[in-house]
Amino acid sequence: MAEKEKLTMAVLSGDLERALAAFMLATTAASMGMEVSMFFTFWGLNIIKKNEGGIRSKGLMRKMLNLMNRGGSKRLKLSRFNMLGLGTWMIKRLMKDTNMPSVDEFIAMAHQMGVRIIACTTTCGMMGIPAEEDTFRSEVTTLAGAAYFLGEARHSKVTLFI
Amino acid sequence: MAEKEKLTMAVLSGDLERALAAFMLATTAASMGMEVSMFFTFWGLNIIKKNEGGIRSKGLMRKMLNLMNRGGSKRLKLSRFNMLGLGTWMIKRLMKDTNMPSVDEFIAMAHQMGVRIIACTTTCGMMGIPAEEDTFRSEVTTLAGAAYFLGEARHSKVTLFI
Amino acid sequence: MAEKEKLTMAVLSGDLERALAAFMLATTAASMGMEVSMFFTFWGLNIIKKNEGGIRSKGLMRKMLNLMNRGGSKRLKLSRFNMLGLGTWMIKRLMKDTNMPSVDEFIAMAHQMGVRIIACTTTCGMMGIPAEEDTFRSEVTTLAGAAYFLGEARHSKVTLFI
(Lines give C-alpha, C1' and ligand atoms only; values in the text may rest on other atoms or scores of the structure.)
Protein backbone atom coordinates (compact mmCIF):
# COMPACT_ATOMS: atom_id res chain seq x y z
CA MET A 1 0.00 0.00 0.00
CA ALA A 2 1.26 3.43 -0.87
CA GLU A 3 2.22 5.67 2.03
CA LYS A 4 0.01 8.68 2.67
CA GLU A 5 1.31 12.10 1.74
CA LYS A 6 2.04 14.21 4.81
CA LEU A 7 1.48 17.81 5.88
CA THR A 8 3.42 19.02 8.94
CA MET A 9 2.94 22.43 10.55
CA ALA A 10 4.82 24.26 13.29
CA VAL A 11 2.46 26.80 14.86
CA LEU A 12 4.48 29.42 16.78
CA SER A 13 1.92 32.20 16.58
CA GLY A 14 -0.99 32.60 18.98
CA ASP A 15 -2.87 35.08 16.77
CA LEU A 16 -6.49 34.23 15.98
CA GLU A 17 -6.03 34.53 12.20
CA ARG A 18 -2.99 32.24 12.13
CA ALA A 19 -4.72 29.66 14.36
CA LEU A 20 -7.67 29.68 11.94
CA ALA A 21 -5.40 29.36 8.90
CA ALA A 22 -3.59 26.39 10.47
CA PHE A 23 -6.81 24.51 11.25
CA MET A 24 -8.41 25.32 7.88
CA LEU A 25 -5.37 23.78 6.20
CA ALA A 26 -5.23 20.82 8.63
CA THR A 27 -8.88 19.84 8.15
CA THR A 28 -8.80 20.43 4.39
CA ALA A 29 -5.64 18.32 4.03
CA ALA A 30 -7.13 15.53 6.16
CA SER A 31 -10.27 15.54 3.97
CA MET A 32 -8.01 15.24 0.91
CA GLY A 33 -6.53 12.06 2.41
CA MET A 34 -3.30 13.57 3.71
CA GLU A 35 -1.73 12.66 7.07
CA VAL A 36 -1.45 15.81 9.21
CA SER A 37 0.73 16.72 12.22
CA MET A 38 0.47 20.07 14.02
CA PHE A 39 3.28 21.03 16.37
CA PHE A 40 2.41 23.91 18.74
CA THR A 41 5.25 25.98 20.22
CA PHE A 42 5.80 29.36 21.96
CA TRP A 43 2.58 31.49 21.71
CA GLY A 44 1.00 28.69 19.71
CA LEU A 45 0.77 26.72 22.97
CA ASN A 46 -2.00 29.17 23.97
CA ILE A 47 -4.22 27.73 21.23
CA ILE A 48 -4.23 24.27 22.79
CA LYS A 49 -4.27 25.25 26.48
CA LYS A 50 -7.47 24.37 28.35
CA ASN A 51 -10.08 27.13 28.31
CA GLU A 52 -11.17 26.37 31.87
CA GLY A 53 -9.19 26.20 35.10
CA GLY A 54 -5.89 27.86 35.84
CA ILE A 55 -2.46 26.35 35.32
CA ARG A 56 -0.68 25.31 38.49
CA SER A 57 2.89 26.49 37.97
CA LYS A 58 5.59 26.89 40.58
CA GLY A 59 7.29 30.18 41.45
CA LEU A 60 6.01 33.77 41.36
CA MET A 61 7.38 34.56 37.89
CA ARG A 62 5.75 31.54 36.25
CA LYS A 63 2.46 32.32 38.00
CA MET A 64 2.60 35.92 36.70
CA LEU A 65 3.42 34.82 33.15
CA ASN A 66 0.53 32.36 33.11
CA LEU A 67 -1.84 34.99 34.42
CA MET A 68 -0.88 37.52 31.73
CA ASN A 69 -0.60 34.96 28.98
CA ARG A 70 -3.60 32.89 29.95
CA GLY A 71 -4.37 31.25 26.65
CA GLY A 72 -7.17 28.93 25.61
CA SER A 73 -8.78 28.87 22.16
CA LYS A 74 -11.54 31.29 23.24
CA ARG A 75 -9.09 34.02 24.29
CA LEU A 76 -7.17 34.34 20.99
CA LYS A 77 -7.09 37.79 19.38
CA LEU A 78 -6.38 39.22 15.95
CA SER A 79 -2.84 40.56 15.47
CA ARG A 80 -4.31 43.74 13.94
CA PHE A 81 -7.51 45.71 14.42
CA ASN A 82 -8.15 44.07 17.77
CA MET A 83 -9.33 47.55 18.92
CA LEU A 84 -9.86 46.57 22.57
CA GLY A 85 -11.70 43.47 21.39
CA LEU A 86 -14.09 45.11 18.88
CA GLY A 87 -12.26 43.89 15.75
CA THR A 88 -11.91 40.37 17.12
CA TRP A 89 -15.61 40.38 18.02
CA MET A 90 -16.59 41.54 14.52
CA ILE A 91 -14.51 38.85 12.86
CA LYS A 92 -16.05 36.20 15.12
CA ARG A 93 -19.53 37.49 14.16
CA LEU A 94 -18.68 37.27 10.44
CA MET A 95 -17.29 33.76 10.98
CA LYS A 96 -20.68 32.71 12.39
CA ASP A 97 -22.51 34.47 9.54
CA THR A 98 -20.48 32.53 6.98
CA ASN A 99 -20.79 29.21 8.89
CA MET A 100 -17.06 29.05 9.62
CA PRO A 101 -16.24 26.86 12.66
CA SER A 102 -14.69 28.53 15.74
CA VAL A 103 -11.13 27.57 16.76
CA ASP A 104 -12.70 25.41 19.47
CA GLU A 105 -14.81 23.54 16.94
CA PHE A 106 -11.87 23.31 14.52
CA ILE A 107 -9.69 21.59 17.17
CA ALA A 108 -12.40 18.99 17.85
CA MET A 109 -12.97 18.45 14.10
CA ALA A 110 -9.26 18.08 13.36
CA HIS A 111 -8.89 15.57 16.19
CA GLN A 112 -11.82 13.51 14.90
CA MET A 113 -10.27 13.51 11.42
CA GLY A 114 -7.07 12.00 12.81
CA VAL A 115 -4.90 15.14 12.81
CA ARG A 116 -2.10 14.72 15.35
CA ILE A 117 -1.89 17.66 17.79
CA ILE A 118 1.47 17.95 19.53
CA ALA A 119 2.67 20.32 22.29
CA CYS A 120 6.33 21.39 22.19
CA THR A 121 8.02 20.44 25.46
CA THR A 122 11.20 22.43 24.69
CA THR A 123 9.39 25.77 24.91
CA CYS A 124 6.99 24.93 27.76
CA GLY A 125 9.81 25.52 30.28
CA MET A 126 10.71 28.99 29.09
CA MET A 127 7.05 30.04 28.85
CA GLY A 128 6.52 28.94 32.45
CA ILE A 129 4.01 26.28 31.38
CA PRO A 130 4.19 22.85 33.07
CA ALA A 131 4.85 20.31 30.28
CA GLU A 132 2.09 17.98 31.47
CA GLU A 133 -0.97 16.49 29.81
CA ASP A 134 -3.11 18.24 32.40
CA THR A 135 -2.17 21.67 30.99
CA PHE A 136 -3.60 20.99 27.55
CA ARG A 137 -6.92 20.03 25.99
CA SER A 138 -7.77 16.36 25.65
CA GLU A 139 -7.22 16.54 21.85
CA VAL A 140 -3.46 16.97 22.41
CA THR A 141 -2.06 13.51 21.81
CA THR A 142 1.68 13.97 22.23
CA LEU A 143 4.21 16.04 24.17
CA ALA A 144 7.51 16.20 22.26
CA GLY A 145 10.51 18.37 21.35
CA ALA A 146 12.12 19.91 18.25
CA ALA A 147 13.64 16.60 17.08
CA TYR A 148 10.14 15.13 16.83
CA PHE A 149 8.99 18.00 14.61
CA LEU A 150 12.00 17.63 12.30
CA GLY A 151 11.46 13.87 12.13
CA GLU A 152 7.91 14.49 10.86
CA ALA A 153 8.95 17.34 8.55
CA ARG A 154 11.61 15.37 6.73
CA HIS A 155 9.00 12.81 5.69
CA SER A 156 6.44 15.40 4.64
CA LYS A 157 5.47 16.63 1.21
CA VAL A 158 4.56 20.01 2.66
CA THR A 159 5.92 21.66 5.82
CA LEU A 160 4.68 25.07 6.98
CA PHE A 161 5.94 27.41 9.72
CA ILE A 162 2.99 29.49 10.91
CA MET B 1 9.55 17.28 -21.44
CA ALA B 2 10.57 17.56 -17.82
CA GLU B 3 8.07 19.24 -15.53
CA LYS B 4 9.05 22.63 -14.15
CA GLU B 5 10.00 22.84 -10.49
CA LYS B 6 7.38 24.73 -8.49
CA LEU B 7 7.37 27.36 -5.74
CA THR B 8 4.08 27.89 -3.89
CA MET B 9 3.51 30.62 -1.30
CA ALA B 10 0.65 31.33 1.08
CA VAL B 11 0.75 35.02 1.99
CA LEU B 12 -1.29 35.64 5.16
CA SER B 13 0.51 38.80 6.25
CA GLY B 14 -0.31 42.28 4.97
CA ASP B 15 2.93 43.84 6.25
CA LEU B 16 4.98 45.78 3.71
CA GLU B 17 8.19 43.84 4.41
CA ARG B 18 6.51 40.45 4.00
CA ALA B 19 4.79 41.54 0.78
CA LEU B 20 8.17 42.64 -0.58
CA ALA B 21 9.85 39.38 0.47
CA ALA B 22 7.12 37.35 -1.22
CA PHE B 23 7.40 39.22 -4.53
CA MET B 24 11.24 39.26 -4.49
CA LEU B 25 11.13 35.47 -4.15
CA ALA B 26 8.36 35.09 -6.74
CA THR B 27 10.12 37.14 -9.43
CA THR B 28 13.54 35.61 -8.68
CA ALA B 29 12.11 32.08 -8.85
CA ALA B 30 10.32 32.85 -12.12
CA SER B 31 13.57 34.21 -13.60
CA MET B 32 15.27 30.95 -12.52
CA GLY B 33 12.72 29.02 -14.57
CA MET B 34 10.48 27.92 -11.70
CA GLU B 35 6.68 27.87 -11.87
CA VAL B 36 5.27 30.14 -9.15
CA SER B 37 1.87 30.34 -7.41
CA MET B 38 1.02 32.94 -4.76
CA PHE B 39 -2.05 32.37 -2.64
CA PHE B 40 -3.23 35.48 -0.73
CA THR B 41 -5.33 35.02 2.40
CA PHE B 42 -6.46 37.02 5.49
CA TRP B 43 -4.47 40.33 5.69
CA GLY B 44 -2.57 39.25 2.59
CA LEU B 45 -5.74 40.00 0.61
CA ASN B 46 -4.97 43.70 1.24
CA ILE B 47 -1.89 43.43 -0.98
CA ILE B 48 -3.95 42.50 -4.03
CA LYS B 49 -7.00 44.70 -3.43
CA LYS B 50 -7.49 47.52 -5.90
CA ASN B 51 -5.83 50.78 -4.85
CA GLU B 52 -8.67 52.87 -6.25
CA GLY B 53 -12.38 52.79 -5.59
CA GLY B 54 -14.14 51.46 -2.51
CA ILE B 55 -15.42 47.95 -2.04
CA ARG B 56 -19.19 47.57 -2.18
CA SER B 57 -19.98 45.20 0.67
CA LYS B 58 -23.37 44.55 2.25
CA GLY B 59 -24.20 45.25 5.89
CA LEU B 60 -22.90 47.87 8.32
CA MET B 61 -20.24 45.64 9.89
CA ARG B 62 -18.71 44.64 6.56
CA LYS B 63 -18.72 48.29 5.46
CA MET B 64 -16.92 49.30 8.68
CA LEU B 65 -14.35 46.53 8.34
CA ASN B 66 -13.56 47.52 4.77
CA LEU B 67 -13.23 51.15 5.75
CA MET B 68 -10.75 50.40 8.55
CA ASN B 69 -8.91 47.70 6.66
CA ARG B 70 -8.92 49.41 3.29
CA GLY B 71 -5.95 47.70 1.69
CA GLY B 72 -4.28 48.19 -1.70
CA SER B 73 -0.57 47.80 -2.38
CA LYS B 74 0.09 51.51 -1.76
CA ARG B 75 -1.33 51.45 1.76
CA LEU B 76 0.84 48.64 3.20
CA LYS B 77 2.90 49.48 6.30
CA LEU B 78 5.93 48.05 8.06
CA SER B 79 5.12 45.81 11.04
CA ARG B 80 7.73 47.73 13.09
CA PHE B 81 9.02 51.30 13.11
CA ASN B 82 6.01 52.54 11.20
CA MET B 83 6.15 55.61 13.51
CA LEU B 84 2.96 57.21 12.17
CA GLY B 85 4.19 56.57 8.66
CA LEU B 86 7.72 57.99 8.98
CA GLY B 87 9.50 54.61 9.05
CA THR B 88 7.46 53.29 6.14
CA TRP B 89 8.19 56.49 4.20
CA MET B 90 11.95 56.18 4.87
CA ILE B 91 12.02 52.56 3.73
CA LYS B 92 10.16 53.48 0.54
CA ARG B 93 12.71 56.26 -0.10
CA LEU B 94 15.61 53.81 0.38
CA MET B 95 13.88 51.34 -1.95
CA LYS B 96 13.85 54.03 -4.66
CA ASP B 97 17.49 54.93 -3.94
CA THR B 98 18.52 51.30 -4.41
CA ASN B 99 16.32 50.83 -7.50
CA MET B 100 14.06 48.32 -5.79
CA PRO B 101 10.60 48.06 -7.41
CA SER B 102 7.55 49.10 -5.35
CA VAL B 103 4.95 46.46 -4.41
CA ASP B 104 2.80 47.86 -7.20
CA GLU B 105 5.57 47.38 -9.76
CA PHE B 106 6.43 43.95 -8.32
CA ILE B 107 2.83 42.74 -8.82
CA ALA B 108 2.85 43.85 -12.48
CA MET B 109 6.32 42.27 -13.01
CA ALA B 110 5.33 38.99 -11.39
CA HIS B 111 2.18 38.83 -13.52
CA GLN B 112 4.16 39.45 -16.71
CA MET B 113 6.59 36.68 -15.74
CA GLY B 114 3.71 34.21 -15.48
CA VAL B 115 3.40 34.08 -11.68
CA ARG B 116 -0.10 32.94 -10.74
CA ILE B 117 -1.79 35.30 -8.25
CA ILE B 118 -4.69 33.72 -6.36
CA ALA B 119 -7.17 35.23 -3.87
CA CYS B 120 -8.42 32.94 -1.08
CA THR B 121 -12.20 32.74 -1.21
CA THR B 122 -12.48 30.95 2.15
CA THR B 123 -11.27 33.99 4.09
CA CYS B 124 -12.96 36.69 1.98
CA GLY B 125 -16.24 36.01 3.78
CA MET B 126 -14.91 36.44 7.30
CA MET B 127 -12.95 39.58 6.35
CA GLY B 128 -16.14 41.10 4.94
CA ILE B 129 -14.64 41.23 1.44
CA PRO B 130 -16.86 40.26 -1.50
CA ALA B 131 -15.18 37.28 -3.20
CA GLU B 132 -15.52 38.79 -6.67
CA GLU B 133 -13.07 39.60 -9.42
CA ASP B 134 -14.12 43.23 -9.16
CA THR B 135 -12.58 43.52 -5.66
CA PHE B 136 -9.07 42.67 -6.79
CA ARG B 137 -6.46 43.99 -9.22
CA SER B 138 -6.51 42.73 -12.78
CA GLU B 139 -3.36 40.64 -12.15
CA VAL B 140 -5.35 38.30 -9.89
CA THR B 141 -6.09 35.33 -12.11
CA THR B 142 -7.93 32.94 -9.82
CA LEU B 143 -10.32 32.90 -6.86
CA ALA B 144 -9.99 29.63 -4.94
CA GLY B 145 -10.03 27.99 -1.49
CA ALA B 146 -7.66 26.09 0.81
CA ALA B 147 -7.90 22.83 -1.17
CA TYR B 148 -6.50 24.63 -4.22
CA PHE B 149 -3.48 25.83 -2.23
CA LEU B 150 -2.77 22.35 -0.87
CA GLY B 151 -3.12 20.88 -4.36
CA GLU B 152 -0.40 23.26 -5.57
CA ALA B 153 1.77 22.77 -2.48
CA ARG B 154 1.87 18.98 -2.70
CA HIS B 155 3.39 19.25 -6.18
CA SER B 156 5.91 21.93 -5.22
CA LYS B 157 9.61 21.65 -4.47
CA VAL B 158 9.36 24.62 -2.11
CA THR B 159 6.31 25.83 -0.18
CA LEU B 160 6.46 28.91 2.04
CA PHE B 161 3.95 30.35 4.53
CA ILE B 162 4.55 34.08 4.76
CA MET C 1 28.03 8.38 -0.63
CA ALA C 2 24.45 9.49 -0.04
CA GLU C 3 23.85 13.20 0.00
CA LYS C 4 22.88 14.72 3.32
CA GLU C 5 19.28 15.80 3.81
CA LYS C 6 18.95 19.58 3.98
CA LEU C 7 17.04 22.12 6.08
CA THR C 8 16.89 25.70 4.75
CA MET C 9 15.36 28.60 6.66
CA ALA C 10 14.60 32.19 5.67
CA VAL C 11 14.48 34.28 8.85
CA LEU C 12 12.64 37.57 8.15
CA SER C 13 11.53 38.23 11.72
CA GLY C 14 13.69 39.91 14.36
CA ASP C 15 11.50 38.81 17.28
CA LEU C 16 13.26 37.03 20.14
CA GLU C 17 10.92 34.03 20.08
CA ARG C 18 11.31 33.47 16.33
CA ALA C 19 15.11 33.80 16.56
CA LEU C 20 15.11 31.16 19.31
CA ALA C 21 12.83 28.85 17.32
CA ALA C 22 15.09 29.15 14.26
CA PHE C 23 18.26 28.29 16.20
CA MET C 24 16.63 25.46 18.18
CA LEU C 25 15.63 23.89 14.87
CA ALA C 26 19.02 24.58 13.26
CA THR C 27 21.06 23.01 16.06
CA THR C 28 18.67 20.07 16.47
CA ALA C 29 18.72 19.37 12.72
CA ALA C 30 22.54 19.57 12.65
CA SER C 31 22.73 17.11 15.55
CA MET C 32 20.43 14.78 13.57
CA GLY C 33 22.95 14.84 10.71
CA MET C 34 21.15 17.30 8.47
CA GLU C 35 22.85 20.06 6.49
CA VAL C 36 21.49 23.44 7.57
CA SER C 37 21.42 26.89 5.91
CA MET C 38 19.94 29.98 7.57
CA PHE C 39 19.24 33.00 5.39
CA PHE C 40 18.64 36.23 7.36
CA THR C 41 16.66 39.03 5.72
CA PHE C 42 14.79 42.25 6.68
CA TRP C 43 14.42 42.43 10.53
CA GLY C 44 16.17 39.07 10.75
CA LEU C 45 19.39 40.89 9.87
CA ASN C 46 19.25 42.36 13.41
CA ILE C 47 19.85 38.91 14.86
CA ILE C 48 23.24 38.58 13.19
CA LYS C 49 24.42 42.22 13.46
CA LYS C 50 27.35 42.79 15.78
CA ASN C 51 26.38 43.57 19.37
CA GLU C 52 29.19 46.08 19.79
CA GLY C 53 30.14 49.14 17.78
CA GLY C 54 27.88 51.20 15.58
CA ILE C 55 27.34 50.70 11.88
CA ARG C 56 28.96 53.30 9.67
CA SER C 57 26.34 54.07 7.05
CA LYS C 58 26.24 57.02 4.70
CA GLY C 59 23.50 59.66 4.65
CA LEU C 60 21.30 61.05 7.43
CA MET C 61 18.37 58.71 6.78
CA ARG C 62 20.48 55.56 6.91
CA LYS C 63 22.18 56.79 10.10
CA MET C 64 18.75 57.40 11.70
CA LEU C 65 17.42 53.99 10.66
CA ASN C 66 20.46 52.24 12.10
CA LEU C 67 20.15 54.16 15.34
CA MET C 68 16.49 53.23 15.81
CA ASN C 69 16.88 49.71 14.53
CA ARG C 70 20.17 48.97 16.19
CA GLY C 71 20.03 45.20 16.32
CA GLY C 72 22.43 42.66 17.77
CA SER C 73 21.39 39.35 19.38
CA LYS C 74 21.26 40.90 22.86
CA ARG C 75 18.72 43.57 21.87
CA LEU C 76 16.01 41.26 20.51
CA LYS C 77 12.56 41.55 22.10
CA LEU C 78 9.44 39.41 22.33
CA SER C 79 6.71 40.31 19.82
CA ARG C 80 4.14 40.21 22.67
CA PHE C 81 4.27 40.95 26.39
CA ASN C 82 7.46 42.93 26.04
CA MET C 83 5.95 45.35 28.61
CA LEU C 84 8.77 47.89 28.42
CA GLY C 85 11.24 45.05 28.70
CA LEU C 86 9.75 43.21 31.71
CA GLY C 87 8.29 40.30 29.71
CA THR C 88 11.49 39.87 27.70
CA TRP C 89 13.53 39.95 30.95
CA MET C 90 11.28 37.29 32.54
CA ILE C 91 11.57 34.98 29.54
CA LYS C 92 15.36 35.36 29.56
CA ARG C 93 15.38 34.47 33.30
CA LEU C 94 13.29 31.35 32.65
CA MET C 95 15.60 30.41 29.77
CA LYS C 96 18.54 30.47 32.20
CA ASP C 97 16.55 28.50 34.81
CA THR C 98 15.82 25.78 32.25
CA ASN C 99 19.40 25.77 30.87
CA MET C 100 18.34 27.07 27.46
CA PRO C 101 21.18 28.79 25.56
CA SER C 102 20.85 32.52 24.80
CA VAL C 103 20.59 33.63 21.15
CA ASP C 104 24.26 34.63 21.41
CA GLU C 105 25.25 31.14 22.54
CA PHE C 106 22.96 29.53 19.97
CA ILE C 107 24.68 31.41 17.11
CA ALA C 108 28.12 30.24 18.28
CA MET C 109 26.84 26.67 18.73
CA ALA C 110 25.18 26.57 15.32
CA HIS C 111 28.36 27.87 13.68
CA GLN C 112 30.48 25.21 15.40
CA MET C 113 28.06 22.53 14.21
CA GLY C 114 28.54 23.63 10.61
CA VAL C 115 25.28 25.55 10.13
CA ARG C 116 25.69 28.08 7.31
CA ILE C 117 24.66 31.61 8.35
CA ILE C 118 23.91 33.90 5.41
CA ALA C 119 23.05 37.63 5.29
CA CYS C 120 20.66 38.75 2.53
CA THR C 121 22.33 41.44 0.44
CA THR C 122 19.11 42.32 -1.42
CA THR C 123 17.47 43.76 1.70
CA CYS C 124 20.59 45.36 3.26
CA GLY C 125 20.23 48.32 0.91
CA MET C 126 16.64 49.15 1.77
CA MET C 127 17.27 48.73 5.51
CA GLY C 128 20.16 51.19 5.26
CA ILE C 129 22.66 48.52 6.34
CA PRO C 130 26.02 48.37 4.50
CA ALA C 131 26.23 44.89 2.92
CA GLU C 132 29.74 44.27 4.22
CA GLU C 133 31.31 41.55 6.33
CA ASP C 134 32.21 44.20 8.89
CA THR C 135 28.52 44.79 9.73
CA PHE C 136 27.88 41.24 10.85
CA ARG C 137 29.19 38.79 13.45
CA SER C 138 32.12 36.58 12.53
CA GLU C 139 29.82 33.52 12.33
CA VAL C 140 28.21 34.95 9.18
CA THR C 141 29.91 33.07 6.39
CA THR C 142 28.19 34.37 3.27
CA LEU C 143 26.58 37.50 1.86
CA ALA C 144 24.10 36.58 -0.89
CA GLY C 145 20.75 37.41 -2.51
CA ALA C 146 17.34 35.81 -3.05
CA ALA C 147 18.56 33.51 -5.85
CA TYR C 148 21.02 31.91 -3.43
CA PHE C 149 18.21 31.15 -0.97
CA LEU C 150 16.04 29.58 -3.68
CA GLY C 151 18.99 27.55 -4.91
CA GLU C 152 19.38 26.06 -1.42
CA ALA C 153 15.63 25.64 -0.90
CA ARG C 154 15.04 23.65 -4.08
CA HIS C 155 17.53 21.04 -2.89
CA SER C 156 16.13 20.88 0.64
CA LYS C 157 13.86 18.32 2.25
CA VAL C 158 12.46 21.00 4.53
CA THR C 159 12.25 24.76 3.92
CA LEU C 160 10.81 27.13 6.51
CA PHE C 161 9.95 30.84 6.33
CA ILE C 162 10.23 32.27 9.84
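Note that the chains are named A, B and C in the order they appear, and that numbering of residues resets to 1 at the start of each chain.
The rule is short, and it goes like this: a contact is a pair of C-beta atoms (placed from the backbone, for glycine too) under 8 Å apart; a residue touches a chain by one contact, two chains touch by 3 or more.
No experiment lies behind these values; they were computed from the predicted model shown.
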{"item": "Self-contact between copies subunit B and subunit C, residue sets same or different by half", "value": "different"}
{"item": "Magnitude of the superposing rotation for subunit A and subunit C (Cα, nearest 5°)", "value": "120"}
{"item": "Mean-CA-position distance for subunit C and subunit B (Å)", "value": "25"}
{"item": "Residue list for subunit A, restricted to those that touch at least two other chains", "value": "159, 161"}
{"item": "Residue numbers on subunit A that touch subunit C, as the complex places them", "value": "10, 12, 14, 41-43, 61-62, 64-65, 68-69, 122-123, 125-128, 145-147, 149-151, 153-154, 156, 159, 161"}
{"item": "Subunit A to subunit B touching residues, read off their complex", "value": "5, 7, 17-18, 20-21, 24-25, 28-29, 31-32, 34, 80-81, 87, 90-91, 93-95, 97-98, 100, 157-162"}
